[in-house]
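Dropping the structures in below, format is structure tokens.
Both complexes shown next keep chain A, but they swap its partner, so chain B is in the first and chain C is in the second.
After this line comes the complex of A and B, so read on.
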């Protein structure tokens, strides 16, 4: 099939960005979206042009490297699907597709569609862990954890850190990402000890990175490739308030 | 060169504890005066960075991705083994050890494998303490399942995302140390050279993948936790950035590369659909618990699979291996899939696929039961292949999955270059000629949390505190110059073929000749083809862009250059090993029924190769570490 592409080019964080266009005639419905971009890049190179840069690694929807905004939607049109898992059979012959990087002040562009998401690392650094040293753990089965809580913890822990939530949020908030880690650890007794210190440290770091506030738009939940529930944010806010006033 | 595995004395069960007792320690107040470079942030590297920093060492951690959390370990699905024996089904450290060494077809060291089995229980404790949400029973206690044909249930799992959850645990522990100042963190940095001064590893050269800058880092020891080399095949289940560069560049500086021909091919992957294919996706092998594997009996039968009656279906695993049936080990399942496709019975557009059919399981257990067990896998298949596996059989085909070979290390995980360590999939140490399911996560974390933190102290204790040569030392100068020169060379060729084109062509040679089955004639032919293609690569590759900017294709070009050399070594190693063992099937050495025949008399050794230069041909010298078996009896595997 034929696909008309329009994609963002930008040489560096301070350079002026612009759109470039190209039509591909050799798109196959079984290709993944990123394979379609591989084909674009092969063609560009054979024409002696620079390829367009984009981030990826696993191509299985689990590493969180890919984070394209496709026709205005983070990860494209399919629910609970990272763009590396999106297949061209979703599109029709002759479609026009616009590809942009996630746009947020806290995610400066490195090149083309590649952005700097190191703010996410610093949010985890601030408190997204249990402070247990290697070797000091007790026997794994000495603390039973209700299956339901543990399953819920998993649902939050499944976040892949791609940043689609930030890209989709009109405020460019990282609340779903931050809330997911907080809610994961809250659901486990291991996370309980540092619960309130954690929430304050992580939320403060999120603000410091320049991510916006949450106004309950709910766009983050809608685009999350792992389908993480926005209830994580409510939990984070509740704990933050408690921590502040206790 | 005499290879000394440095295996401690004593009974098998006590070797590790005696060794720990005898090793030298670094005093806590001195630890912060030692710097350790750890390349890689997967399970092996992330766990080591966290643990060493907690002990007080100064750690510098490097990875290619934009965050440590994205290392390839994140993709592991099925689970991690440990002999906790919670299900009370007769498991023990000994049994886990025995299964692992037997699974490896007796081509690994007893002492290493025993230690792995012994340490595994601590990993589960550690991960649970970090808040890893493993699957649990209604009692609130940890759940286990049987995996990869094991007769006991010893696999711990977090739905189909065990690697992700374990890696996030290690990553978070590491990030805590970044905040506390124990770990200096360098994401988007690729190691290009090791720096060796006076015979010891003293640092590395990296490229900052954002600015393109070549950077020098000095330390007291260097750890390579850089993963496996499956991407030499171009198509594999590995992440796109997985590579051999760190290990290979260390090899070129003197580190021995062991058993490069041992590559595991996983039987249940989604088949290749076209030329544009960039990677292959694994479907968990748990599917074989309920799915039945078959092909049409008649060549070229192009009826819809649902229209082919039972008597015209060839359930080849069930017929050939009546006692194990569809649950034969990975290598046996893979080999048989290839055989039936070679006979022309394969299905799908390419003829390189077999059916994995759930029709009978759904009839027997009901749709709901099957969906509860495999729902997410079925959805994944549906999404990628565009066919509904509830309604028609899946198509599957084997794909390269894991590399057992890697840098040669002794019992302390140190290569033959003093001060240079290798952990996780990057070393060769624990899986022999074939790795059992759920044991790579176990090995990575065992190396990272428990083994390396103990053994590295033993090395550092003898190193002069605070000794620094300075990064303007001639060896740093030279290594940085080499790294830069290769980049300049690659960019200057401006040829006609793209990097992907070369890589894909190389991968096809490797897959066809050094893949599931090998023979001397094909291996010799492959060596020639690899050499010719490599020659062409260096004169006709097109590398776009600039060196002082983010440039993914430039990164790939350097990695493909290393794959070209590794591929030749794999062929040489496969040619040298005139036996069949584990995943290495030499067609000349099999029984009439097509079963692998090991030759313990002549080949019970680790093949450790020493680099001697490339000049049209790759020159390598073979060193042998003989494997001694004191505690287990060697048997031919049989799954009939």
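After this line comes the complex of A and C, so read on.
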């Protein structure tokens, strides 16, 4: 199949970015989106041009490295699907596809489609840890956890930190990521010790990094490859209010 | 424990305050509509209602100051969140599209800044229009009182006034149909069955409330102030 690509090129963080266009005639419908980009890069290299940089690692939809904005949608058109799991059969012969990096001041472009997501790491550093007793491992059943809480904590813990929520939010807010990271620890007894310090520190860090405010657009939930609910944001807000009275 | 200042300036605090002030303003609108509908009561009902309010004296000033605070706080937060978008995303997308599904991106949610700004300008004009409008007087129980009812009926016979009011009130339906749901979400409502019901309630609230407001100018305009619902 033939695909007309328009993709973002930017030589470095401070360089002026621009779009480049190229038509690929050898795209196979069984290719993943990233394999299609591999083909693009092979062709570019044969022409003596620089390949387009893009992030990836596992290509199995579990690592959260890939985060392309495809035709204006983070990870492309399919729900609960990372763009490495998006296949070219989703598209039709002759389609035009625009590929951009996630755009946010807190995610500065490193090169082309690769952005620096270390802001997420610093949000986690601010409070995404638990205090544990050192020494020998304790008996596994000594900390009972209510089924509903452990299920919810597990759902929130599925966040792979890809940043699609930030990419898709009209305000470039990191509320879904931060909410999920807070809630998955705050739902567990192990996270209880730092519960309120955690929510305040991580919410502050989110602002510090330059992410925007949440406007309850709910677009983050729609683009999340793990389908994490904006209930995570509600958990964050509830715990923040409780923190004020703790 | 965060300080109050830290909490209010945090992204969570800003959203919670937008929700609280929004709910306060919605409660005010319900009361406002209830008062307005007295125009369809007895000949004196509307003027008795406005006189009762004005007779509150200093208490009325306190209520007005409280309302002004809610309006201003809500507006400042809304504008500041909107301005923050450019800072958080200096370089916009060439192409941007919602993914649909569970997203709450809609004409209503994306136009909150526009509908809100128009309502804010309208609010100022609305106060000038009626509070500081022509000062007709009437007698209620032997006491002199302002005849606001006469002014309302007179003003709503002007085409441009009615068009202006209806236009703003339709925008208010948009604002409320997202704002009602969003306020509860800001206050910690989770996404699920309740949230879906609250979204339906938001549409119903926006439409019913605003149709109530719209009915008054439209009815007066169509009947030339002499419809059977208005007694003299």
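The rule we apply is simple: the second predicted complex is superposed on the first by the 239 of 246 C-alpha atoms of A that agree within 3 Å, B and C clash if a C-alpha of one lies under 4 Å from a C-alpha of the other, contacts with A are read in each partner's own complex, and residues count from 1 in each chain.
By our rule, a residue touches a chain if its C-beta (ideal position, glycine included) is under 8 Å from a C-beta of that chain, and two chains touch if they have at least 3 such contacts.
Predicted model, so just to flag it, every value in this text is computed and none were measured.
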item	value
Chain B versus chain C as contact partner of A:95, first or second or both or neither	neither
First, second, both or neither for A:28, with chain B first and chain C second	first
First, second, both or neither for A:20, with chain B first and chain C second	neither
Superposed model, chain A: greater residue contact from chain B or chain C	B
First, second, both or neither for A:194, with chain B first and chain C second	neither
Contacts of A:104 with chain B and chain C, given as first, second, both or neither	second
Set of chain A residues, in rising order, touched by both chain B and chain C	none
Residue ranges of chain B in contact with chain A within the complex	47, 50-51, 54, 65-70, 72, 74-75, 84, 86, 122, 124-131, 133-142, 158-159, 161, 164-165, 168, 171-173, 175-176, 178-179, 185, 187, 210, 239-241, 273-274, 276-279, 281, 383-384, 386, 449-450, 453, 498, 500-501, 542, 544-545, 549-553
Residues of chain A touching chain C in the complex	6, 17, 19, 69, 71-74, 77, 79, 98, 100, 103-106, 168, 170-173, 175, 196, 200, 203-204, 206-207, 210-219, 221-223, 229-231, 233-238, 240-241, 243-246
Contacting residues of chain A [partner chain B, same complex]	11-12, 28-32, 34-36, 38-39, 41-42, 44-46, 49-51, 53, 55-60, 62-65, 81, 85, 87, 89, 110-111, 114, 116-118, 120-121, 124-126, 128-141, 143-147, 150-151, 153-154, 157-158, 160-161, 184-185, 187-188, 190-191
Chain C residues touching chain A - in the complex, by the definition given at the top	1-2, 4, 6-7, 10-16, 81, 84-85, 87-105, 109-110, 112, 178, 181-182, 185-192
